[in-house]
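Think of it as A, B, C, D, E and F in the order they're written, each chain with its own count starting at 1.
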Amino acid sequence: MTSSTKTLYKSYIIEEYHPTQEPFYLPVGDEIELFEAAYGQRIPVLFKGPTGCGKTRFVEYMSWRLGKPLTKVKPKKGKSDDGDGSQNGRELPLVTIACHEDLTASDLVGRYLLEGDSTVWIDGPLTRAVKAGGICYLDEIVEARKDTTVLIHPLTDHRRLLPVEKRGELIEAADGFLLVLSYNPGYQSALKDLKHSTRQRFVAIEFNPPPRDIEAKIVEHESGVDAPMALQLAKLGEKVRNLREHGLGEGASTRLLIYAGKMIQAGIKPRRACQVAVNWAVTDDASVQRSIEEVINSIFE
Amino acid sequence: MTSSTKTLYKSYIIEEYHPTQEPFYLPVGDEIELFEAAYGQRIPVLFKGPTGCGKTRFVEYMSWRLGKPLTKVKPKKGKSDDGDGSQNGRELPLVTIACHEDLTASDLVGRYLLEGDSTVWIDGPLTRAVKAGGICYLDEIVEARKDTTVLIHPLTDHRRLLPVEKRGELIEAADGFLLVLSYNPGYQSALKDLKHSTRQRFVAIEFNPPPRDIEAKIVEHESGVDAPMALQLAKLGEKVRNLREHGLGEGASTRLLIYAGKMIQAGIKPRRACQVAVNWAVTDDASVQRSIEEVINSIFE
Amino acid sequence: MTSSTKTLYKSYIIEEYHPTQEPFYLPVGDEIELFEAAYGQRIPVLFKGPTGCGKTRFVEYMSWRLGKPLTKVKPKKGKSDDGDGSQNGRELPLVTIACHEDLTASDLVGRYLLEGDSTVWIDGPLTRAVKAGGICYLDEIVEARKDTTVLIHPLTDHRRLLPVEKRGELIEAADGFLLVLSYNPGYQSALKDLKHSTRQRFVAIEFNPPPRDIEAKIVEHESGVDAPMALQLAKLGEKVRNLREHGLGEGASTRLLIYAGKMIQAGIKPRRACQVAVNWAVTDDASVQRSIEEVINSIFE
Amino acid sequence: MTSSTKTLYKSYIIEEYHPTQEPFYLPVGDEIELFEAAYGQRIPVLFKGPTGCGKTRFVEYMSWRLGKPLTKVKPKKGKSDDGDGSQNGRELPLVTIACHEDLTASDLVGRYLLEGDSTVWIDGPLTRAVKAGGICYLDEIVEARKDTTVLIHPLTDHRRLLPVEKRGELIEAADGFLLVLSYNPGYQSALKDLKHSTRQRFVAIEFNPPPRDIEAKIVEHESGVDAPMALQLAKLGEKVRNLREHGLGEGASTRLLIYAGKMIQAGIKPRRACQVAVNWAVTDDASVQRSIEEVINSIFE
Amino acid sequence: MTSSTKTLYKSYIIEEYHPTQEPFYLPVGDEIELFEAAYGQRIPVLFKGPTGCGKTRFVEYMSWRLGKPLTKVKPKKGKSDDGDGSQNGRELPLVTIACHEDLTASDLVGRYLLEGDSTVWIDGPLTRAVKAGGICYLDEIVEARKDTTVLIHPLTDHRRLLPVEKRGELIEAADGFLLVLSYNPGYQSALKDLKHSTRQRFVAIEFNPPPRDIEAKIVEHESGVDAPMALQLAKLGEKVRNLREHGLGEGASTRLLIYAGKMIQAGIKPRRACQVAVNWAVTDDASVQRSIEEVINSIFE
Amino acid sequence: MTSSTKTLYKSYIIEEYHPTQEPFYLPVGDEIELFEAAYGQRIPVLFKGPTGCGKTRFVEYMSWRLGKPLTKVKPKKGKSDDGDGSQNGRELPLVTIACHEDLTASDLVGRYLLEGDSTVWIDGPLTRAVKAGGICYLDEIVEARKDTTVLIHPLTDHRRLLPVEKRGELIEAADGFLLVLSYNPGYQSALKDLKHSTRQRFVAIEFNPPPRDIEAKIVEHESGVDAPMALQLAKLGEKVRNLREHGLGEGASTRLLIYAGKMIQAGIKPRRACQVAVNWAVTDDASVQRSIEEVINSIFE
């Protein structure tokens, strides 16, 4: 059924994916040094911070930086499964897993699948990262079920072991493997707490929204607007974050400021662009919307 | 068993479906320009607004407008699976998914199915849209389980990736792909909130019921009643919406006004038609029903 | 194992079932005209009303009336699957589905089943009605899970489409298809509310218990008692309904009055027949039972 | 593995089971006449009453009485499946189903099972009763899930139909079929209420513990004690039931009195027999136990 | 994978297991006579009592005593399935099932399993006991799900029937079969109550911790300490039980006293042995631990 | 797909895993003697204590000490399944299972899996330990579901039996087998209590964080910092634990102090290393973070 569409998209083998070009990343503090020290000692790392402040971009950047890739994986087209993508061992794979409350241990470790007459074991993404020696990034770990959280314990102490119980195996992680978690303490509730038996297995790096000048550079680079417009958007982001005491759940992320810049680039007037990309995106509350609108109007007069 | 009925209905391949005739759509504001700007920049879009105010019709209209289809997919009859429906790449497929709390990630991404002796992978509707490069419209996204919501995250940042973990694949979306969500902030509750980590990945367009004159034109066009009757029905819609402070959960949608018009066309008296198509359809509360009845009687004397 | 019992029962193919004789139905108001108008315009219909006041009988009657069947489907005996039941297209199939909280989307749409070496797709009852162009009657819709409710949305707007996601198909309903829902607003609670996004897709017809003289005629016809006895039973029904303010959850339905009549026909004394068929059937509360007993004794002195 | 034990037990085909000897049953009122009238008119019957007051025994008795069996089904030994048990159609099968909250619709209706290379449909006990034309006795119906309760609706109106959706079939019940439910209003709670849409499909017969002289005759017949001892045990039962206002959830059933009689027949002293068979069996509450002990001591001095 | 370890352990067929040597059991009252009387009349038995007071040991003893085994089942080594364990019918098998909230009816009755190309029915432990005519001991019955509890109802009245619905069979229990339940009324809560419809099917024997002199003999026999030390340990048990009013959930069981004795035999000082085997094992509450420590110190000065 | 990565990692058969080098363990009290006494008498052992105080390391140490391994299991490379790892019976396997709320009985005992045309039974990790005669360490037992907890009961009394109900087998544990549980009483809640029927089957050893001088030696050995720095880190650990009354859920574990040491070894300044490895890792609360920061600053001036 999908034969006529197979050339429109690219596909990768999960454990061979890694950034092939340097991701655009502007450091805010010593996070690069901290991550390099932890990686050198193979200490698992926990990223803490709000939505959209660059955690995902940072782990991509570190994967590129630590991997110093020499060759480029050529994308696998359509459905052909001949895995001749050459991985020369010098690149650092990055396996990203978005956690959610229905993610099972089998989703991470693997499962048996019927293929024709025989049953075939398919490694899950965590097992793939453990075997390939890459970074495994578990995004929003507090969303995961307890079995997922517990599963990573033996991988985060001196043993670096992954039990694959359905196969009666213990896998010792390849040398390059490191586990990285992210979570947003702002969401933290009694039910969704990261247990001490889990969190005391990581060094923690706290992330915050970038300062105005750095954020402006990011917006300029990513959206294509000029520097003064980017600065105004960064100013907007800063001011909206200050509204958090006034009933706003979470401030506007850098991503939304970039969206506003892109809408402006596409010809939408700045005030309208900020309304749809920032104001309406951030809240449904009419009175908070009025406050943000005033901020927008004060910047884009 | 179904052999004798096979010629009564039409069937389409999901990712080849798209409107083949211009859907009737009357714009209320700059929503067409906003959507075109977002689509041009491939920024995901969130529609916010109440039931039945035209969100589904609008996405169909934009799919038709952006796709400018030159040829018409010929419907696949009965159960024959020879997929010779020619898709020339210039049309923009529209894949609509009604979200609900039991929708699983597998429902969206795909699953293995036994076919005879062998196991066959069947792409889910999201994967089909990603591969075919169409618009994927997730209707009522807050109804979805968290795993569904999280699944779309990597599709909505710069990576545009869909992980298909059961196959160990990452799929990079075809160029035409865009994710569009809808949700109704009126239903928003603590349990069914759209998380910030999700909503800050979209520009948002707010929808409201159309003003009286536009709604009258829609009712006239869709139900076949004449212009004065359509205007009276639009007036009824407007007045019923004003009753919302008096215990009415949600006002009458344009769709119900069209139903009333169609019942009138079928010979039912206006007052009775409005009673069954608007009043009884909108509420079960006897006192609210009396209020609406008064409104009906004041319009259709 | 069932070989010795196979001639004792009849079996039908679901989508070929329709009333073959005129069901006994006495109209109370203009419900026949309303339904015919809605069916002519293919507007989905919602029946509202309490238990046992004739909703199921009415949809059967309308199916017979609109179908004007010329020939009779011959029942399929035992397990033989040769589906030569001739359906000439002029009859209107009636597919009834009793909703409950465990009814899944697959139960309605269909599923793959292993048959011997190969997997066979079996259409669910909704798909059967969509393909055969019949009336699909979803009884007690508020009992259904949300995935069921959402599934019917695209079938109830201008598209008349049923997505069969496991097969990657969209089915456009055959011309005769109409969706009819029933629900009992008396049961309506916060948890079991019919959502506005669902209810604003239907015209609504409200049902109430029939007035005394009509109910007496029904009881007389269905139970075989004579007219005076039937009138007394109808009077009993009316009076018991008036007890609803005194702790009785729901009044006695017409069906229970018919049961009382049948018990009387079988030789049980009227007072005793009303006790087991009405009083004990309607409530377990001793004080309410005493009130009803007084009513029974006052009528059947 | 079970080869050495195969001759120790008997096994029956479910829908061929029926009492082959007259069950011992002493009527308390006109329950036999009421049941015969209802069965003659094929009106479904609801038994209401507390634990252990003879509802199960009564339905067995009525199955025997209405069936007037002429021949005896010979038990099927071990695992041999050759179903040559001759059922001549004059006996009335009795299919008993103990309801519980995990009983699914498939448990009642049937399911597909793999057998070797092919899939075989296995009728559930309800389908077996429907096809064989027997009494289907659903014990403790309020324990059942909603899908089970709803399933029986079309079997209890004029249609007498059982939808077997997985096979796309509607089965019309064989002539002898009747549905009988039991439930204990004492357990009735908001969550476990029998819905009106279900209960108004049955005539109801209320059961109470038998009066002292009848209960004494039952105890004498079933346990083998002499008449004076049986009367003392019946007196005990009566007095313990009167303690219900003093914290006792439910009084001692006739069954427990029979147990006490049997323990006495086996040589245990009456006081001790009543302690283990009645007092300890009925309650764990020390103060209630003391009250019952006083009653026992006052009777068996 | 397990080839190198196969000679290290023994394995038995479940329904052939029974104690082959007389279990050490010291009766406290007339429990042996009561059980023999109930077994002789095939009245099901309910054991009530706290943790570790000998219920499991008692049912093993009764199984040995009633079975008077003449020969010894020779253990089946490794995985060989040739069931030549001779069971001469005079022994009384004992099938023990530890109940828990996830135990399903299928776990007890049996299920179909694929074996190679064909499907094989595997009897569950309850079916095995029913067929083999053994004692089936359901430990901690209140932990079981309702479907499990209901399943045993027809086995506990005069019918002694087990419905095996997946096979369409009713099994009549072999003559030796008896159902024995245990439960701990101390755990009894609203949610985990033994329903009257279940408990009124059993005679009940209440168990309590043994008196000091009997407990001392048990500790002496099982742990190997001398009589004076055993008496001191029994004294400790008695005193700790008296602390129950002071915040201790449940007193120390005889088993823990035996553990203390064994630790002493292994060279640990009595005070320390009692600390790890009794005090720390029984509670985590620091203040309760201090109270128990005082008791220990007062006995082992 | 994984062919190019197969040489990067090691894998072991679960029941052959055991520490091959003496794990670094510094005893705090008589825990080694207690464990040896319990193991000699085959009394199951319960470890109680907070996160990261060395329970896992201790069981590894005891497994090494009691096993006195003479030869080294050679790791199995990649996926080759020829199990020639020579286990001479003198080593003591250690099977560790991290418990969680989704761990099923089948996960522990084993399950049938399809392999090609036939079904193969795969022993779970508990069965493997029972058969191989190793230590089975169930970490965080209170997280497990009730079926898991109940499953271990017959393994912890005199019978040492594991019922494998899906195979109709009872397995008697090999001589070397011992069950060891761990749990953290600090997490203990009403819902996650270790039931008395479970806990009274174990002797209990309580663990606490090591005293400052021992902890300093551990930090020195594991992280590579010099003795004075290790002592400062141990001092930090001690002081942070004293903050527990000030809103800190749980103090810093030894593991986090080792992480801080390793970060220092990798060139990060001590204050910053302690911030990321101790302060941010331990809490998200800003005021608690300030308190810990003061402690850090007072130590590393």
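Observations
Following the convention adopted for this analysis, a contact is a pair of C-beta atoms (placed from the backbone, for glycine too) under 8 Å apart; a residue touches a chain by one contact, two chains touch by 3 or more.
Fair warning: this is a prediction, and the values are worked out from it, not measured in the lab.
Homomeric contact subunit A/subunit F is classed as different-residue, with under half of its interface positions used by both copies. Note on chain placement: the centre of subunit E and the centre of subunit F lie 30 Å apart, centres being C-alpha means. The geometric centre of subunit B is 60 Å away from that of subunit E, both derived from CA atoms. Averaged Cα coordinates give subunit D a centre that lies 52 Å from the centre of subunit F. Shared contact sites, meaning residues of subunit B that touch two or more other chains, fall at 1, 13, 15, 114, 117, 123, 128, 168. Contacts between chains close into a ring here, every chain touching precisely two others. Listed in ring order from subunit D, with subunit E immediately after it, the chains are D, E, F, A, B, C.
On the subunit D side of its complex with subunit E, the touching residues are 1-6, 8-15, 17, 50-52, 56, 75, 96-103, 107, 113-117, 122-125, 128, 139-140, 143, 184, 187, 249-250, 252-253, 255-256, 259, 262-263, 265-268, 272, 276-277, 280-282, 284. Listing the residues of subunit D that touch subunit C in their complex gives 13, 15, 30, 33-34, 36-38, 40-41, 43, 46, 48, 81, 83, 86-87, 104-105, 112, 114, 117-119, 123, 128, 130-133, 145-147, 149-151, 153-154, 157-158, 163, 165-176, 185, 188, 195-197, 199-206.
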